[in-house]
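So the structure is just underneath, and the comments pick up after that.
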Amino acid sequence: MISSVIFILLSIVMLVTAVISLYFRDLLASVVSYSVMSLVLTVMFFHLDAPDVAIAEAGIGAALTVCIFVIAIKLTRRREE
Amino acid sequence: MTDFFLYVTVVLLIFFGMVALIYKRNLIKIVIALNIIEAGINLLFIALAYRPNGTAPIFTLAPALGELKMVLPTPQALILTNIVIGFGTTALMLTLAILTYQNNHTLDIRKLRGVENND
Amino acid sequence: MFTVEKIFTQNTGIIWYPLLLVAIFLLLICILWIWGRYYFRNDYNKNTAQVKPFNSGNLDEINYPIRSGNLYWGFKKALESYFTFIESLHKGDLNDYMVWLFLSIGVVLLLVSGGLL
Amino acid sequence: MRLASFLSLVLIAAFLFVGILRLHPVGEPLGNPDVFKDRGDAITDIKNVDTMDDYYLRNGQTETGSNNLVASVVFDYRAFDTLGEATVLFIVVSSISMLFFTMIKRKGPETSGVSRIGEFPGGVSRVITFGSFLLYILIITFGIYLVVHGHLSPGGGFQGGAVMASATALLLISSLMTRNVQKTKKIFSFFESLGLTLFIGIGFVGIGVSFLSNFLANGNPLLFGKAIAFGPNPGYLVSAGTLPLLSLAIGMEVFFGLSIILVTMYHAAKDE
Amino acid sequence: MTDHIPVLIIALPLLTAFILPIVGMINTRLRNILVFLVIAAVNLMLISLVQRVSIGGEVLHYVVGAADPLQVIREGLDFPIRIVLKIDGFSLFMALISGVITFVVFLFSLSYIKEGERKNYYQLLMLLIFVGMLGMEFTNDLFNFFVFLEILSIASAALVAYRTDRKHPPYAGYKYMLVSAIATSFLLMGIALCYAQYGSFNIDYIHGMMKYTLLDKMALVFMLVPLAMKAGAIPMHMWVPDTYSEAPAPISALLKTASMASLYGLFRLSFSLFGNPLEGGGMNYHTLGWIIIVMGVLSMFVGVTMALVQNDVKRLMAYHAVSQTGYMLLGVGVGIAVHAQADGGSAFKLFGRVAMMGGIFHMMNHAFYKGLLFLTSGVMARRFGTRDLNRMVGLAHRDTFTTVAFVIGALAIAGIPPLNGFSSKILLYESVYQFSPLLSIIAIFVSVLTLASFMKVFYSAFMGPERKDMIIDATPVSKGMILGMSILCVLVVGFGLFPDLVVGTIVEPAIESLVTIL
């Protein structure tokens, strides 16, 4: 089944990016990794027949959340101490 | 197979986020962890709504009635709500983290600890 | 409608009626006042040195009462081990909040469900 | 203590996993097999429903006049939740304005970018400004399309508003925001309040029937009241009653609300 | 129009909050009048419902958006398809508490909070906390409950951080927000588990279908423990002193009521969603009751001992909030444990009912006297420019009214007759004694320690010589503040003098709406 393979691949990518975004000490890198996770989540929503949620996640989760994260990191400091 | 991996993903996302809540000490990192937990919960709801070989719950371009099978609309509607709520939570927490940094010059929980006791 | 007896009379047999209590309290004050008029000392005068307490020693310390941090010092000293333990849990550490939440969820989950199987 | 908590988390995860797998595999009909009997999945008739979702799938289209069932749930069946969610966004916008108030005031009413398109702003080339201006128009158009066609195709107030707000982010990073920030925020805040008031106002108008009721659907053919038949069909733009209006109100609120958040935070982050 | 009262109570303050930024730009006096009118109108509507709901025993339903708002389930169906609001005795009881406290807090903060553009936002968020509480109390829908809990938490977190120019409030707000966010995440997981099995969010419907599978038990834990955390029960209480002490004083009073709304959620879910003791169905209610009892007793004891050694007046009061939450958990926990006993409900009739009555009556009493105490702490902190008790002395010379209010509040929280704290505590002592004598003795002991710690505050802040050099802000206490405090004083004394009236009118219907056997 092709769809199974897609799901498994997306799942693995999501888990890896989630771990990376939690593990990295450089906050900017982890935010970028989080945005990749969010994008993969969008694709996953689309494959799970939820186009409405996919659009909302792409707009809010992947774009705007990352935007305010970057602003917050600029206002504070980039590295975790 | 699909369901197994989907549910493993959901549980592991929630698990990773919560482990980070225990071990991570940076205020912004905690917000990221919360976002990952929320992503897991969103995926859980959408996975509950899913049916194989179904279509999105939109009639405009759906196949004919006979073989019509749709995924459930309610969890999708709730997740729409939850995404916006999650964004609001994130924005407010980041704002508070920025202000904390400006007043205390650190984002580390250990250095902020006990800060209330000596006013 | 609930009557007073039904609520406040348990097996302990107490009948508690607040208005009655207030009345008894007022009555006691009246009695004390009347009694005091005749039997307490009458040679108390305002605006004399009688009013002021007799102080000896450093006046500054008397003008400033015992600080609240020093109140119940003996209590704290007697239970020192308890207080050092309990205050170590109240450091205001965010990770600790989460630790205790997850711990209690885990424990309650085990207790309520009676195990995974 | 941390280790014990970690073990407790492992326990919670195990419980979740075993519990969810015990419930039903992905794709089976929703519900506890003890509670609901299995039934044919194909949607053919509009009777014989046994869960809430079944009811929406079979009757949602004809009752609300909306082809997009997610939109019909969001703006009709569970519109009260949507009102609460819009309130959450409103709270966040207000509190961010409140919390950054002193900080923004300290920085003064400077503009957040250059004065007009075409001038060469500091460090940003003309190609970028012009390109992002084009993109801005495209994104806004797409967002408006999403908002307006919310009841026919994937989209609706939230999605359209979010997409349009990402256009605001583009405007900010390409230094195209020309106005004074305080003034911009005031205008945005006015429109945000207007969107919310529109939403709850439609709810109050419906109080002749009940609060937030879809009193326009399946009535007149002019004001979004065209009825549609059950089954796959292209649908009409003028159907679905109050649903497009609510979608528009939410789209307005989400767009201006998210834009205020972005503008405020961006302005706070700008160098003196 | 009377049919629409349940939704109007929520929608009117919401509408006002939406237009408040625009009104605030035009005129501040107009804004104050508008907010006052709305809170007063909501309170009047709530009081008008007492006759129908509490005394008449009616349960009001309102289906939002339906063709017939009073018909919960349409013909031909056996489940509700829209969001249903439901007002029964317990909801109305909690809503009355929220209404009174919000009204008082509004009056108090009229002059306590400095006028300015930020005050628009302050009043708006205050109003939205009120909406959040009312929504949580009136809704009969799980997801709707979650949404209103979010409204409540986010507005509260923003108000905790209101004084951004000081060092700690933003961090306190962050803590509150983190606690709320993780609690609501767990709540949402529990909701997902319920929905996955029963395909509905309606509390009454799920209660009817409840099969007590493993997932149901998980949902129970995922919902109840985070709500206990939001209510401030041990061992998840550490955020309470950190956040309550940093918020402005009127907001601390409001936050206490807000956490009481979470406690309402805990009680409502454990009875109306999961509680079906006659069938049992494999759910061990005795264990659940004992878990809540242990939480309550620990909260009582640890809270009061921590309060005894605090030198920060608001932290001290916040620890007392934890400790008094323990009384409520104790009462209702005894109720749950006894409710499930297989003796046909005889033990419940004997004392479990009275224990629950005590616990729930204590919620109202605690909201009033703890609100009063927090308001007086605001006056104290403003006078001396600090919350440190070591640097306070002789306030009684200057603020007579505040002193009287503080004494009333302190005696009430310590359970001295004839104030309202005693009237609920005696119900608890007597009934819990029959369940387990040790618990009752601990409860009495905690009351003694409570009195001791408030004696400390009274001694160090109010007694002693007048020291003009230590007073930083000498502006007199304004009329609004005095009015706010005196309303609570009257309620505290009045409920102490006529407890049978209050218990018979509103507390007893609250119990009746929760439990099935009577």
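Think of it as A, B, C, D and E in the order they're written, each chain with its own count starting at 1.
Everything below uses one rule, namely that contacts are C-beta pairs under 8 Å (C-beta built on N, C-alpha and C of every residue); 3 or more make two chains touch, one makes a residue touch a chain.
Note that the structure is a prediction, hence the values are computed from the model and not measured.
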item: Least hop count linking chain D to chain E through chains in contact; value: 1
item: Neighbouring chains shared between chain A and chain B, ordered by label; value: D
item: Comparison of C-E and B-E (more C-beta pairs in contact); value: C-E
item: Per Cα centroids, the chain farthest from chain B; value: C
item: Label of the chain whose CA centroid is most distant from the centroid of chain D; value: C
item: Chain at the geometric heart of the assembly (C-alpha centres); value: E
item: Approximate Å spacing (C-alpha centroids) for the pair chain C, chain D; value: 52
item: Where chain B and chain C are represented by their mean Cα positions, the distance between them in whole Å; value: 45
item: Distance between the centres, which are taken as Cα means, of chain D and chain A, whole angstrom; value: 20
item: Intercentroid distance (Cα basis), chain D paired with chain B, Å; value: 16
item: Shared interface positions of chain D, touching two or more other chains; value: 2, 5, 9, 12, 15-16, 18, 20, 30, 52-53, 56, 68, 70, 78, 81, 84-85, 88, 91-92, 95, 99, 103, 154, 156, 158-159, 162, 258, 261, 265, 268
item: Chain E residues counted as touching two or more neighbouring chains; value: 143, 147, 150, 154, 157-158, 161, 164, 170, 178, 182, 189, 196, 214, 218, 241-242
item: Per-residue overlap in chain A, given as positions that touch at least 2 other chains; value: 51-52, 56, 60, 64, 68, 71-72, 75
item: Every chain pair meeting the contact rule; value: A-B, A-D, B-C, B-D, B-E, C-D, C-E, D-E
item: Residue numbers on chain E that touch chain C, as the complex places them; value: 175, 178-179, 182-183, 186, 214, 217-218, 220-222, 224-226, 229, 235-236, 238-239, 241-242, 283-284, 287-288, 291, 302, 305-306, 308-309, 311, 351, 354, 357, 389-390, 392-393, 417-418, 423, 426-427, 430-431, 433-434, 452, 456-457, 459-461, 463-465, 467, 496-500, 503-504, 508
item: Residue numbers on chain E that touch chain D, as the complex places them; value: 4, 7-8, 11, 14-15, 17-19, 21-22, 25, 62-69, 76-77, 79-83, 117-118, 121-122, 124-125, 128, 131, 135, 143-144, 147-148, 150-151, 154-155, 157-159, 161-162, 164-165, 170, 189, 193, 196-201, 209, 211, 213-215, 218
item: Residues of chain B that touch chain D when the two form their complex; value: 2-4, 6-8, 10-12, 14-15, 18-19, 22-23, 44, 47-52, 56-70, 72-74, 76-78, 80-81, 83-85, 87-89, 91-92, 94-96, 98-99, 102
item: Residues of chain C touching chain E in the complex; value: 1-4, 7-8, 10-12, 14, 16, 18-19, 21-22, 63-69, 71-72, 75-76, 79, 82-83, 86-87, 89-90, 92, 94, 96-98, 100-101, 103-105, 108-109, 111-114
item: Contact footprint of chain D on chain A as seen in their complex; value: 51-52, 54-56, 59-60, 63-64, 67-68, 71-72, 74-75
